[in-house]
Amino acid sequence: MKKFTSVNDVLDINYLIDRAVYYKSNPFADSVLGQNKRMGLLFLNPSLRTRISTQIAARNLGIEVIVLNIDKEGWNLELNEGAIMNGTKVEHIKDAAPLLGAYFDIIGMRTFPGLSNKEEDYNELLLSQLMRHSGIPIVSLESSTLHPLQSLADLVTIWENHNKITRPKIVLTWAPHIKAIPHCVANSFAQWINKWDNADFVITHPAGYELSEQFTEGANIMHSQKEALAAADFVYVKNWSSYTDYGKVCCEDSSWMLTEQHLADAPDAKVMHCLPVRRNIELSDEILDGKRSLVTQQGANRVWAAQAVLAEILKMS
Amino acid sequence: MKKFTSVNDVLDINYLIDRAVYYKSNPFADSVLGQNKRMGLLFLNPSLRTRISTQIAARNLGIEVIVLNIDKEGWNLELNEGAIMNGTKVEHIKDAAPLLGAYFDIIGMRTFPGLSNKEEDYNELLLSQLMRHSGIPIVSLESSTLHPLQSLADLVTIWENHNKITRPKIVLTWAPHIKAIPHCVANSFAQWINKWDNADFVITHPAGYELSEQFTEGANIMHSQKEALAAADFVYVKNWSSYTDYGKVCCEDSSWMLTEQHLADAPDAKVMHCLPVRRNIELSDEILDGKRSLVTQQGANRVWAAQAVLAEILKMS
Amino acid sequence: MKKFTSVNDVLDINYLIDRAVYYKSNPFADSVLGQNKRMGLLFLNPSLRTRISTQIAARNLGIEVIVLNIDKEGWNLELNEGAIMNGTKVEHIKDAAPLLGAYFDIIGMRTFPGLSNKEEDYNELLLSQLMRHSGIPIVSLESSTLHPLQSLADLVTIWENHNKITRPKIVLTWAPHIKAIPHCVANSFAQWINKWDNADFVITHPAGYELSEQFTEGANIMHSQKEALAAADFVYVKNWSSYTDYGKVCCEDSSWMLTEQHLADAPDAKVMHCLPVRRNIELSDEILDGKRSLVTQQGANRVWAAQAVLAEILKMS
C-alpha cells in the first residue's frame, strides 16, 4: 500500500481486517518494523480519538511520531497555482509539502470540509496536492469527504461481532444532531461496505439527505427507517448534513433518534457510532448503556485499524 | 496503589518518600518497568511544571506518554446522567472515559475549580466519573480541591532538609496575591502533613481564610502570623481564596507577604513555595534569592514524586 | 560547545559543516550519544520547520524531547530585577530558569523581536537571562536578532553546491514582503558568511534597509541589485524591515522581487530562501519551480545542522 486515502487504496479488505485483528492480540509483534521511521501527524482541525489511536499504532510499530496542530499554528496554506501571495496564506503547498516529504517517512493528515462549497470540498485539493508534492505515503486521518481509518475500524468491529452470519444485514441510519455535520463517516462507511460486498447493506435517511452516489451505489436506500431497521444485525447511527442542498440541515426530525423501540423488529441488532455521540439526540441512553452498543469496542479498534494500515505502508517503503 | 488522587490512596507515606529519594539517585533504575505501557496526560487547564515533571517521570520508567490539552481542543464533557445533549457539551464522560481506558494503562488528569460553586468544586465529579468509567488507574495532576503530587514533592523536600530534627515545626502561611487562587495546594499540604504526623503543624492566615476542616483537622490554626512563624523549621508560603465566602478575595493585607523581617524569630527556617510565585507580593526577593529558599529543589522533586507514584501503580497493574 | 546562540559560539565552522554532512549520510550513527538526556524546546512564538527539524535531530541522537509552546500557555515571564509582580507577568525568569535547568540537559528556545524597541530586541534579555539562571546549555532556535541554526543549514547547503569554486560569490538580496519582518535570518547569514570568510560576500538592498554593522562588517554592501547579482553563484533572497527606522517598512519596491530576468548575468546562480516564502512577492514561481532553487534542500538540511550542534553540545556535557 503506497497511500491510504480511501478504500480504493486497499487491495484486499479482508486481509487488512485480518491484520488488525492480529495486532489486537499482538500489539508489539512488529515493534521494530518502523525503527528509525518517522511519521508526521498534521491536524488542520482538532482530533482526539484519531490522534491518540494513530499515535499508539505508530509507536506500537516503533515509528517516531511528531504531531503538528496546524490549525493552531496559523499555517494557512496556498493551494492555487500561480498565486500572488499577498494575502493571508503564508506558504504554498508546493514549498511546504516537499519539505514534509524530506522530514518524514509517512504523513498522516486530517483536514475538513468547509461545508459551503461542494466542489471545493469534494475535489480534496489539499490532500491531492500534499500527495503530489510531498512524494511520500499519505494516510488520511479524515479528509473533506472520507474517513477510511474509521471505516476499517468499523469493519473490524463488525467482523468481530458477526457470529458466523453469512451475510449480515447492515443498516446505516441517519440520526438528528444539533448542527451541520460533514459526510465523511457516512460516505466512507458506505464505500467500504459496498466494496467489501459481504453484507446486505441498507442506508436510511429522511428525504433530502441523499449521500453522493459515488459512495452509496450498491446499497439499498430507503426513506422508511422502520422498514430499513427490520431484522438488522448491525445498525450504524450517524448524522450528516445535506449533500444536495450542500452543507445544510434540512430536517431535524427527532423521531429518527435511535431508541430501543426502533429496534423492536431487530432483537439481535448491535449498534455502532463513531463517537463523539450526542446522547438522547442521536442515540438514547438505554442503547448506549445497554448490551447492543459496540461504540467502545469500535473506538478501541481504531488503534488496530491504524496499525494494520501503517504496517502495510512500511512494508512497501 | 490503584490510584493516586489524595493522601488517602497512600498506605505508607514514608515508603513513598523513600522511593522518590531512591529515584532521585537512580533515575533509570526501573526503566523497563513501564515498557509497553502508555499514560495519557489530560489537561483541562494549562500546566508547565506538572506536565514536564510527570512526563519525565513516566519516560524514566519507560512509559509512553501522550499529552492531551483538552481545554484547547474544546472537548467539553457532559457529566450529568440522563442529559439531553443539545448544548455545548460534545461528549458524555460515559462514552469518553471507557475509550481512554482502552487506549491507556494509566491516566493523569488535571482539572480545576470554577471557584464559583463550592459544592460543584468539592464533589470532584469529573475526577470520580473518570475513575468510575475508565476502569484504569487515575493519577491526579491537580484536581479541584487537591494537588497530591505537589504535596509528595513537598514532603520529599522537607525530608531532605530536616537535619534530624525529630519533629520539625512546619508552618503553612497564607500570603497575598493579586487574584483569587484555588485551595488545592494548601488543602493537600495540610492533609499530607496531618496524616504524616511527624511534625508540629501550624496553619496561619487572616480571619476569613479558614480552609475546609476535612483537610486541616489536626493542625494548630492561628490568626497571628508572627506567633505562628516563631521557631519554624519550614515555612510554606501560599495564597488561597476564601473557602467560607467561596472563591472570594476577602483580604489583601500586604503585611502578610513573607520577608526576612517576618522570620526574625525563625533563624533556621527554610522557605517553600510550589511556584509560580509572585515576587514581592507573596514572597520577597531577599528570601527567594537567599539561602532559606527551597523552591527550586521543591520543583525539581516533582519528578521524583511522580516517578515514585507511577512506579507503585505499575507494580499493581 | 557549551551553547549555540550565534556563530561566536563556534570554534570551527568547517568542522561543524562537516559533521552535519556526516549525519546526513549517517543519521543514526550517534543514536546512543543522547541516551537518558532530555531537551526542552521552548517556543515563545509558533514554529514548524524549526520545531520539526530540531526534534528529529534530537531523536536521531537518542535525546528525549519535550515541547513547550509557551506562547499558548500564557507563561508570561518577568525579566526585571526587583519587580513587584502585581501585573500580567506570572513568573520571574529567576524562578523559572533554574527549574528548567533541573528538568532538562539542554534547552532550545525560540523567542522573537517585538520590532518596536530596538534596544530591547537587540539586548536579547530573555536569552541571556535564561542562560544565566538555568545553568545548562542553551541552543537558540531563533532569537530576537539571530537564527544560527538556519545559517548553519544555509552554509551546509552552499558547501554541498559550490562545485569546487574556490571563492563562490554569495549575494544576500533584500526582497519585498507584505509585512514587517525581523532581521534575524539576514543578520545571522551575514555574520556566518563573514566569519566563514571563504566567499566573496555582497549584500544588496534599497537605501534605508542597512542592517546592523556588527553583523554585516566585511561584506560589500550595494544599493544596485543588478550590479550585485552579476556573476553570483548563490543568491539568498530575504525580506527584512528597517533597522535604522526600527521595525518599519520603508520601501515596498516590487522590482526587487527576484525573477529569472534578474539573473540574466548570473546564469549559474543557485537561489536560496529560508522559507516560508511569499511566491510572486519575494521570489517568482519560475525560480522556485526551476533548477536554480535550493530551498527544499536548505530546509531539509535544518535537521543535519541541528544534529551537528546538539552532538557537539552533548560531547561537552
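In this document, chain identifiers A, B and C correspond to the written order of the chains, with residue numbering beginning at 1 in each.
Please note the rule applied: contacts are C-beta pairs under 8 Å (C-beta built on N, C-alpha and C of every residue); 3 or more make two chains touch, one makes a residue touch a chain.
Keep in mind the model is a prediction, meaning the values are calculated, not measured.
*Asks:* If more than half of the interface residue numbers appear on both sides, call it same; otherwise different. Which is it for subunit A and subunit B?
*Replies:* At the contact between subunit A and subunit B, which are copies of one sequence, the residues are largely different (under half shared).
*Asks:* State the superposition rotation angle between the two copies subunit B and subunit C, fitting on C-alpha atoms only and giving a multiple of 5 degrees from 0 to 180.
*Replies:* The C-alpha superposition of subunit B onto subunit C needs 120 degrees.
*Asks:* Mind checking the centre-to-centre distance between subunit A and subunit B? Centres are C-alpha means, answer in whole Å.
*Replies:* 40
*Asks:* Residue numbers in subunit C touching 2 or more other chains?
*Replies:* Correct list: 72.
*Asks:* Under the touch definition given earlier, write down the residues of subunit A that touch subunit C in their complex.
*Replies:* Listed in rising order, the residues of subunit A that touch subunit C are 36, 38, 40, 64, 66, 68, 70, 72-75, 78, 82-87, 90-92, 94-96, 98-99, 102-103.
*Asks:* For a test of understanding, state which residues of subunit C touch subunit A in their complex under the given definition.
*Replies:* Residues 27-28, 46-49, 52-53, 55-56, 59, 72, 178, 275-281, 285, 288-289, 295-296, 299-300, 303 of subunit C touch subunit A in their complex.
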